[in-house]
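Residue numbering begins at 1 within each chain, and the chains themselves are lettered A, B, C, D, E and F in the order written.
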């Protein structure tokens, strides 16, 4: 099974381990993620202004890149890992699907490009795992006993909102829980798994992030969470950064944060793709 | 003060966001669920109300810059007002004048942030 | 210069007239056989649903509606990418054989028979079916009875004998019941007897009597190419399906192709003086209204069919065919042999109906194949009573017609008819002297081709009143001849 | 006939108005003194479902440039349960037919106008008259 | 047809018409019509002298038809027709040409308005000369009423109709009548005990000589028309003979099967043989065939063995009962919007988030807790209770409408809670308070002032559990603060939706429902209890959310409409209906298929119109492929001549 | 021959020949009635000179076959009207314009261009189009010009009797035969304008079963899956013109399991067959689910029907209220 794959900038530096682990996991299940030959920044945040289409250009170029390469996979799917990228690409795609005039404007504007036909389907690696690998299959492949591992799934915003692009129920998503269960670990139910981490406020207003992170993780201590799994580089950064900012309030307590793909890689025994810090986190389950 | 019904402001917001703020009946569900409301000087429903009555002071509030576009309000609104889009429109009313809310040169330890955070912030706080 | 206008004629595409232009010496300079009307099917079929075509194009011709129905039916089978079920093919062929008998018999018994049976020299008021009826009511009653058999078979399958409705993409609309089958079987046996009887009459009574006309190389004789359908396996006569075969003046096969390739072989010329085009063999080319191997003009119809086929698959018809070849050689260029060919074809068709009616599968209910994908292109071909017929359709993605083209028999014989008419007039108009006999001769030239209705449907009055008007160069009427 | 000039051309509109909604809406426009162009002549019918597409063709044949059918709002305003739906469906098919025979389907208009929508009635007439002026006269050949 | 003699009367309406329309010219032009023998204008046609003018002209000129060009027909059509009929002209031979509302009042250019008026008058002349003189249709009435639904609405309607002397068939789908009201504790604003005021009425139903009660029954087919409906009722087996059962309860004791009790909305359990509640009517046990082990295959027969009365019969069979009635009252009640549809409020996953009817059961002295307030999860008395209003209601993603009664019952809930748990704290989260009813506002004020219930203005965003504690995430829009309120129990005031059977029943009855499935009344103000099908009336929450007092009032209103109908010996029906030309009709069945009233039947290849069922919409006439069915006085030939008159001049 | 015989003349317009064959079939029967009928002029075969027709002094019944597509058809029709006591429009083309009426969806010029310039077999480098003036050897051999539009007979002259059918068969022709014979026997004038065989439509004689409610949920074309041969076509979503077609054909197509395409034409009261049938068919679409569907969705389903004009007006476009393609500006 082959899919086109859009990494996005974070996956190439800050969140390199997210990509490494994901690619290894994909490969393990016989999935080839073919990185787009040329890609550019998706735009990072989806512009909510509907009077202008030009904020969509970055994303549309990436979609055209994907369109050029669909022949290599035989399907129209474009897989993302970073949930920001997912939301931007999917939202742009959704908008263009519902606003032919916007699509026309963009196609006209980008006259040196081939026209975007609107046929690319943007999807997330989690969806691929659910729909093309299957949690049962994952359960069969698990190499490590993780029964004692208490995992707090953290969705953040971008995979589950807005409704139009949500990969699962916006209020009651289950996909991460199902994945965690399939690994034999215990998913913790807590109220804030889809609540915002503070996002880009971190740059201008650290307080917001600090408060948010404190709130999000507060039930996790009592729930004895061992780790938090995330789907987004920014969430990961904010959770870790927030815990650092709030170290006084937390009395230095911390909960390690890993990408879901790292947890998967670990469960599958793909230790060689995990970096030292991560392996350190999982050490007691080895 | 004079209340401007069908305010110019609401019209501008509509133009930018496609959202009709008059659909809002001020139930407050947005404010109840907003994760960052503690940092805001106005509740989200108050932001809308100010737009409804055409009070331009709303352009100078902090709340619209705190909003992180997490869409919690948007998915729960009983009147289908996409408040995230309204917030964006209000930000753009400032940004499109060339007034930016971020100068990366002044950010301390800029190197410790991942790109995703910096670019996102740039997108939201500059034009 | 004189102009002679004869206005009766073919109704295939409407009405026709013949214009004969004599030069000042009274020699025939030019003959124009004009079709005077146009309905524009090629245009107004556009935008119609393809599956409705078999029901629409029957109206091109009310004399051979089945031919158009079948050709269209086969073309839309192809458009929808469906092969008809074997049962459907058999039912279609059965009905179609009935139609061949219907059309041929209308032509032969009501038109040709009075001519030949009563005598061409007889008073014109006697050369008609009414006179025949008075004289030999039993003969006419028998003809009427047997014609009703074929009309009945047509109606059973097609709903109506004129403008049938049974062809749907992939098959036929209705199965045949056992009762119907039995009835057809019995009727077929009668038809065989009847056909044999008339062949006998032809061979014994008519042939010898009219040798001069039938075997004349002067007038009713053209050396053209011939085109017709043959069964791919054994080159036997086939009305419903097969390969298109073209033979030359010597009877040698020159082309053989499938219906969908017809564009490579057929082109049509347009002349502004007639609404009918002039088809010719594309690879040979258009040389004007002349015969011979250099000219792409070809003939279709009974004569052509028996020239392109090598044999007939049924026993009795094969014997008759052998006699025919013996008499006329192969190929037969005598236009008048067409009447004989028709009688042989009727016998074959009757035998074929019996074969099909005795086929166990014929009453199966598997009459439509719904499988297949829209191809948007289809060409259907059948042998119409008067010759080979092509229907060509193209559609859009919804199966709505975007292109419709039909190449019809009388059109294909158009050039030959013109030449035959010219030949007969040249022979018969000497120094501008126009004898009354010319009208008969022209009429006979026509009848050989049976150009659809004009010649066949005048059975009731039994005569073909022709008027020849001779004009001088100023267009003034100088002589009028009338045969009533 | 000189009619192509837009200033001179006054389209003729026949309006079939259902008794319970559109006709009452037109009455309300009157009661509210909402002025609209006099190009429209109303014909009262019990229900938009009574309107036979033949009437519309006949109206065109007799010189109408436009035909309006006014009925009750879907889904549930129809006094006769579902006459408005009958009108809607016939209108949809008639439009396709008109297109095929070369008459601009915009010359037939179906509007749901409730008894309280005097404003809407006036607006529809104004718009329709304007639109027909742009389309020019329907000269049947 | 003798030649028509038409009189045309053009009204000035003071200056209302004459100010914009040249009325003299209109009359003059009308007089040119070959059928017109008299045309005049007058200042006020509707005045006495105006009417006299018409009457005199009818006599003097032997008029056979009259056109009055004046205001809209809805204004004075009746006036003028009456005037005409007083001098012997048929009611339908007078038509109004509306040259005021649709002409003089909306145009200002006199030329054009006059021109238009002339065309309108001409087309009206064309119509009236083709009008047939008609007389109303009469038909007899079955003096019996069917009431569907045995809640308070159905009970009240049944009693009213029966008391008026008519037979009533009351059909209820569950084993007992009583409906939702039987589940309630006290009622606002008087705090009457719901059962105390309801049970006497239930008993009255049971004892009423003119009420025939079918429980466990449903209407499966209705044919016919006003005054003459034929109804089929499916009566499901109860397996217990209601005449023999003395509700001793022995059967219940031995029954081994336990299932959730729907009457208590799952807060308690019942047996497979059970009585919904002690005061049930009919007072008899019933077997739940889904749960019972004894029915098929027979593996248990405990109850039969202990029943001294031999009231239990496993072989009880379904029956189809046919009844003929003159009127039908539909009162099928309501349901609550499922709380599972609001995931942010707990998706139905927190046991202590309950709906309002569950809370009623907790409050009820006959309820699962005998009237003590404990929470479902652990049986503890909740000390902090949040009542959340508008759940599902007023929400474009759920129910757009206001469910109307939640403000009041939430206040009542809070008050009752404070009665029972005086030291508890009640919060009511609201958007705004809708207390428009007699004594309602006072009730709310009492709840706030005397009981100290805290009203927080702001819609709740989310309910979650943190560390075992339920937290209501809300806002106080008045203080401008976000709130996280820890509570022990949450009561959701779920929106009201029609009962699930309403739609199916609507199809059987051929009455329309609105977008949400509530029965549609003919006119919300003027004909609020009538459905579009004459003879079928609607009442109660099936027609729209309403409280008990409104329901009872509406039920009585529906009953009185039914009584008024049943009291007549004959009913009169508008004669402008469809008629079939049997020479043309070939029975294609198109009219029968599309008639919204089921008024047409094809019999022996010819359509027949039931004159009483036909309401005269004319949809059949437009659809008939051959013009065989025509609407009287709106025939094709009439409308076509009108079109021609409108366009040609 | 007895002078009491009625004199019949048959004049052709634009036709396919099917009517002639059907008349010929009638002729077979007429053989037995030759004492009553004298066919003095059979235009199909006779020299179709207008003068000849003019020269006839007395015709009892003038039968016109085919539509008007040439100028001389119109002239012939007028002469026929002058000469004949009764004019009969024989066959659907004469009655309604017939299938050639679909040609009115294009102008005459478009028709000619299509046929003589734009078919795949045509080779016409000089772009010769028949109808243009042609003089060869000094002789004008221009074929007669087509009329601008195809028209039914009654657009030219008053018609006394209509014999519908393409071609007339069964009841239709039997009835005509009876009328002819009875007129020949007792010379009783027949009722003018009468349609043969009357006003009832095919539904009256249709053997198929009809459900209580005919509901069209989806339009089906005849090739789209099996057709129940006992159930009403409309109830299967297949357009059948039976309800709007006079019953004179014995439901022959329907019995062959094919829906009626309306060749006999509509009953007399129909003003515009397509307009009327649009009303009928659209009314039946999704009757049970109207309120569940949005207006747009409902309109979309109705508009899925293909080719309304070619289906509803296949044989009658020339006699429709609007019987020619219009050139109304788009937009």
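The working rule: contacts are C-beta pairs under 8 Å (C-beta built on N, C-alpha and C of every residue); 3 or more make two chains touch, one makes a residue touch a chain.
The structure displayed is predicted, hence computed values, not measured ones.
Asker: Shared touching chains for chain D and chain E?
Answerer: Chains in contact with chain D as well as chain E: F.
Asker: Touching both chain D and chain F: give me those chains, sorted by label.
Answerer: E
Asker: Counting only C-beta pairs in contact, which chains form the busiest pair?
Answerer: C-F
Asker: If I average the CA coordinates per chain, which chain comes out farthest from chain E?
Answerer: C
Asker: So what's the Cα centroid distance for chain C and chain D, whole Å?
Answerer: Comparing mean C-alpha positions, chain D is 55 Å from chain C.
Asker: Compute the distance, rounded to whole Å, between the mean C-alpha positions of chain B and chain E.
Answerer: Roughly 45 Å separates the two chain centres.
Asker: Could you work out how far the Cα centre of chain A sits from that of chain E, in whole Å?
Answerer: Each chain's C-alpha centroid was found; their separation is 52 Å.
Asker: Can you list every residue of chain B that touches 2 or more other chains, as numbers and ranges?
Answerer: 38, 72
Asker: Going by the contact rule already set, what residues in chain D reach two or more other chains?
Answerer: Residues 52, 54-55, 58, 75-76, 82, 86, 90, 100 of chain D touch two or more partner chains.
Asker: Hey, what residues on chain C touch two or more of the other chains?
Answerer: In chain C, the residues touching two or more other chains are 47.
Asker: So, with touch as defined above, which chain pairs make the list?
Answerer: A-B, A-E, B-E, C-F, D-E, D-F, E-F
Asker: What residues of chain B sit close enough to touch chain A in their complex?
Answerer: 15-18, 35-36, 38-39, 65-66, 68-72, 74-75, 82, 84-85, 87-89, 92, 101-102, 107, 113-121, 123-125
Asker: How about chain A: which of its residues touch chain E in the complex?
Answerer: 169, 171-172, 190-191, 218-219, 222
Asker: Taking the touch rule as given, give the residues of chain D at its contact with chain E in the complex, in rising order.
Answerer: 12, 14, 23-24, 26-31, 33-38, 41-47, 49-52, 54-55, 58-59, 62-64, 75-76, 79-83, 86, 90, 122
Asker: Using the touch definition up top, name the residues of chain F that touch chain D in the complex.
Answerer: 105, 270-272, 274-276, 278-279, 281-283, 285, 287, 290-291, 295, 298-300, 302-303, 305, 307-309, 312, 320-322, 324-331
Asker: Please output the residues of chain E touching chain D within their complex, sorted ascending.
Answerer: My answer: residues 72-74, 98, 100-103, 105-109, 112-113, 115-116, 119-120, 123, 510, 512-515, 520, 522, 532, 576, 594, 596-597, 615-619, 621-623, 631, 634, 636, 639-640, 642-644, 646-648.
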